[in-house]
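Below you'll find a set of structures to go through.
Both of the next two complexes hold subunit A, though its partner changes from subunit B to subunit C.
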Partner chain A sequence: MNIIDLAVNTITQGLIYALLSYAVYITYKILDFPDLTVDGSFPLGAAITAVLLTNNVNPYLTLLVALAFGALAGLVTGFIHVRLNIRALLAGIITMTGLFSINLQIAGSNLIVDRTIDTIFTSGIFNVLFGNIPLIYRKLVITLIIALAFKLILDLYFKTKNGLLLRAVGDNDLVVTMLAKDKGTVKIIGLTIANALVALSGSIVCQEQRSFSSTMGTGQVVFGLATVIMGTTIFKRFGFVKGTTAVLVGSIVYKACIQVALTLGLPANLLKLVTSILFLVILVYGNYQQKTTKVVSKNARA
Partner chain B sequence: MLELKNITKIYNPGLVTEMCLFDDFNLTIEDGQFVSIVGSNGSGKTSLLNIICGNIPIEQGEIIINGKNIVKMPEHKRHNSIGRVYQNSSMGSCPNLTILENLSLADHKGKTFGLSWALNKSRIDYYKEQLSSLGLGLEDKLHVKLGALSGGQRQAVSLIMSTLTPIDFLILDEHTAALDPKTAETIMILTDKIVREKKLTAMMVTHNLRYAAEYGDRILMMDKGNIILDRSGKEKESTSIDDLLNIFTKISIECGN
Partner chain C sequence: MKKGLLTLLTISLLATILTGCSKDSIPKIGISQYGEHASLDNCREGFIQGLEKSGLVEGEDFVIDYQNAGFDDSINTQIAQTFASNNVDLMVGIATPSATALYAATEEKDIPVIFTAVTDPVEAKLDKGNVTGTSDKLPIDAQLELIRAMQPDAKTIGIAYTTSEPNSISAIAEYKEKAPNYGFTIEAIGITQQSEVTQAVDTLISKDVDAFSNLTDNNVVGVLPAILDKTNAASIPIYGSEIEQVKLGCVAAAGIDYIELGIRTGEMAAKVLTGKAKATDLPYETIKDYHIYTNTNALEKLNITLPESIKEDTVPVELD
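Right after this comes the complex of A and B.
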């Protein structure tokens, strides 16, 4: 693979995973809920997709089915947390662990989607529009459209009454109670939306790489958290940049970092180790930056 | 009308730290009354407000609002007719949302939060009018995040937020206690104006005996879960701050405070 193809491929990866980053942005940044369901709902989307594609279901319909099942996974975590009063982390772990078996149950085992089977990249509306572009660039264009479309939808959603209530519940849930609304229901809505996005991301990944593996969810929540924290840290000084834009860029930058490490000869087995170290570095840097900005603002006042 | 009947509240039941705060507690508050509640720490003032709002459960008794027993109603539903302002000014608003967003949320209380736009441009003039009545210059800061305001400013916005839509009861939990004397005065005058204009039934817990005497139509003094003084009408008019202070000192000495 030449360097340009490699770059295009990396950006494409970043764009697909941006959907997952949006989701973690919603749960972690807006709801203040560290949602570990992601590690289970991501492969859930992929498992459903692999099975449906293999059974010749329309790839676009497959996206919708994955979305719906992801939403269901989020609903379960929300229900466990809110109605059964289980702590956020534990609620996520419970659903995630359960999903591991469910995913294997759905897919049977690790699956490969045959080359002859159409995906969203090779059929339907996207094929009509971009069919004459080489596949690798076509993937870039299509994933860019999807990532931007969902960014736009989320940005618009946050401006609706429902979206504002969601932002309020993470900011100060007492206010939501005082608005005579059940804060628990609002949290469940947020988790449902987020995990729908995660499964959608998993579905597109599966369509892109034509495979499902039961362990593909491992570390996805860390990836999501890293991109959210990296994105929002980088763009903190530019107040006007939307959170969704920040995590979209964060997702691409993160994938690029990993790709560079791999290109420089990092053994693939060490990938998760690098992921976690990179995450740690980002967290520490975030703390450091917070401290320095505080000092600056103090000096500015004095 | 708000009625509390035979309320029993026990903290940590069954444990060695078990503490019975209210035992067969009764209280009736008429519509439109501004009730000041004073009393030493631990006398049950805030517990009383929490019981009415529903964020602590009770062991026994009835809470009747407008003829309906609301004991089993969840906290958030009770807030359909209740507005509350807390002592901590950061509790009544969302710090990362702008003043405009906070007011838009409050303005929509009681309705469905659907997918229509949250910010209604035609209401902005109304919000500005409400804010300018504070005299804090907040009407020009609609797009400033609440977290960037001072405690007094945030408390003022909290007060407006809690009374923006029609409610019956306003619960004030030491809402001026954390403010500087001048801001406290401003907030207190504003509170009084809102309560009178909107004909609200208000319950105000305060440690400021002057505010209690000056603004309340009725003064309650609490001690160890009992109402030891209840004055309204002419009786309240003739009660001076010194009288209150004397009784207060007496119960404090008995408690060993």
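Right after this comes the complex of A and C.
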């Protein structure tokens, strides 16, 4: 039993999937757009990565290619929604359904990346910097760098004019129209960025577990929503904590819940039930915390 | 709030300590099964029998940590990493996704992985390294031979399969390749999810197929009773790939016995666990022996008489 290793693995998983959580944060929380494309763009990133890696393409380059294809998927959903006037949910479903077949075309139903093939965890700049530490710690360091880098990039982006427009579309799209900007274009940009991140997450998952499976996208939207809601609930009280930070923590907490359920050694079929009870406890606790704070602050004023 | 997170962390730490440390001296086997499913469960049962057959006693010579991922790929990964972090002495993967996840989690670790119910270990890159096990490749020649013997006039065989299941895809390819040798053509319809299976079956019935064959496709087997309703109404026999399908109402099946497959795997695992052999040196095995199972009730309903040529070899299935 090695608790440190367990924690390291769990946090690593949380960090990789945090990229997906950022994406759902952008679409669901900022744009108020329930984007189901995620279930298709996540395995899309992995499919492209698996094919490129098995063809000996540089693993860092595959990250960029996956990012680009994810962006394209988001662009398609955005175009269907904004230009063809299809409702948000349906637009996502259309792209997601199409991507299922496209993913099968790209990489088949399953594709394994052999151990002899280098990934971002075993080659290039990361390997030069951290090559001498054991693989599971190396994975933690590398995923931490990636997750934090994209968090910072997004935080900076939200402060730019374009980023502010993005937030305005979700809050009050009249403002955007009054500024003589096309809110449709802003939505498309948001969806493009989000799905680029989702595919990047899929790409890193594929490199980390050395496999692609066409069914790996199932349930990723639900995961993303759960982490966004958990993250924002946990940090509701702390206004200064950025949304990206909150969902990053949400993602790690989600993976930790599964880990706890696994480690408790309960009958295997109860895993999901235990996980969902843990979620509920965290959410109720978050709400309870918020209520007590309100009462305290009222009393303080009185 | 910080306190809350701390509490959660403490609970998880305590849980890990409580479940982990008490049995350190006894070798621990981590079994990861992709999901609950009759044939996979049989594999696991057989596996434990195989260990016991080799003289090992549960609780004394080994303890088992059994997890199943409920067909969820990200949980599947976490299970594998949990076993790796816990430094179990041996990992067992039941079905391809579990086996590949376990093997990936042992990168830079020296934990042997034993797999079972993997159709194509070469494709899954499980043919070299500290990993070995058993393949459950379908005896497709035997299946075609069986259908030919039972229905001498049949021309087309209808098969519904899931396009995302690697086992089904390789089986369909082999079916199409070998069918002409037995004078058959294959009508295959690929589906993406379970809700589409009955539609595929309706389409195949409308194409006047003479027989149906079931692979070990999870989605298709999962709704077998609904398929049987339709094919019985159309008086078209269905052949299966394992005993559980015959129990549900298929007329006959040529297939391997998953309990036997599990036992064979358990015996291999016992060798590795006791240090008699290394997984690196043991080649994976494909079970060559298959059985023919028949369902007398279903045969009667469809007015099929068992030809003498195969009668002796068959195992009639007891229906409860």
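Quick note on the criterion: the second predicted complex is superposed on the first by the 263 of 302 C-alpha atoms of A that agree within 3 Å, B and C clash if a C-alpha of one lies under 4 Å from a C-alpha of the other, contacts with A are read in each partner's own complex, and residues count from 1 in each chain.
In this section, contacts are C-beta pairs under 8 Å (C-beta built on N, C-alpha and C of every residue); 3 or more make two chains touch, one makes a residue touch a chain.
These figures come from a predicted structure and were not determined experimentally.
*Asks:* Figure out whether A:M216 sits in contact with subunit B (first) or subunit C (second), or with both, or with neither.
*Replies:* So A:M216 only meets subunit C here.
*Asks:* Identify the partner contact of A:K181: answer first if only subunit B is touched, second if only subunit C is, both if each is, neither if none is.
*Replies:* After superposing on A, A:K181 lies in contact with subunit B but is clear of subunit C.
*Asks:* Thinking of the overlay built on chain A, is A:T245 touched by subunit B (first), by subunit C (second), by both, or by neither?
*Replies:* Touch partners of A:T245: none, neither subunit B nor subunit C.
*Asks:* If we overlay the two complexes on their shared chain A, which of subunit B and subunit C does A:N172 touch? Say first, second, both or neither.
*Replies:* first
*Asks:* Report for A:L164: first if it touches subunit B alone, second if subunit C alone, otherwise both or neither.
*Replies:* A:L164 sits against subunit B, while subunit C stays out of touch.
*Asks:* Tell me which partner touches more residues of subunit A in the superposed arrangement, subunit B or subunit C.
*Replies:* Of subunit B and subunit C, C contacts more residues of subunit A.
*Asks:* Tell me the contact category for A:S123 with respect to subunit B and subunit C: first, second, both or neither.
*Replies:* neither
*Asks:* Flag every residue of subunit C that touches subunit A in the complex, lowest number first.
*Replies:* The touching residues are 1, 4-5, 8-9, 11-13, 15-17, 19-21, 24, 33, 36, 65-68, 70-75, 77-79, 81-82, 84-87, 96-97, 100-101, 104-105, 107-108, 123-125, 129, 163-166, 169, 192.
*Asks:* Residue numbers of subunit B touching subunit A in their complex, please.
*Replies:* 74-80, 83-84, 86, 90-97, 101-102, 104-106, 108-110, 112-119, 161-162
*Asks:* Which of the residues in subunit A end up touching subunit C in this complex?
*Replies:* Going through subunit A, the ones touching subunit C are 1-3, 5-6, 8-10, 13, 17, 100-101, 104, 108-110, 112, 114-115, 134-136, 205, 209-211, 213-216, 218-219, 223, 234-235, 237-238, 253, 255-256, 258-260, 262-265, 268-269, 271-272, 278, 282, 285-286, 289.
*Asks:* For a test of understanding, state which residues of subunit A touch subunit B in their complex under the given definition.
*Replies:* My answer: residues 157, 159-165, 167-168, 171-172, 174-183.
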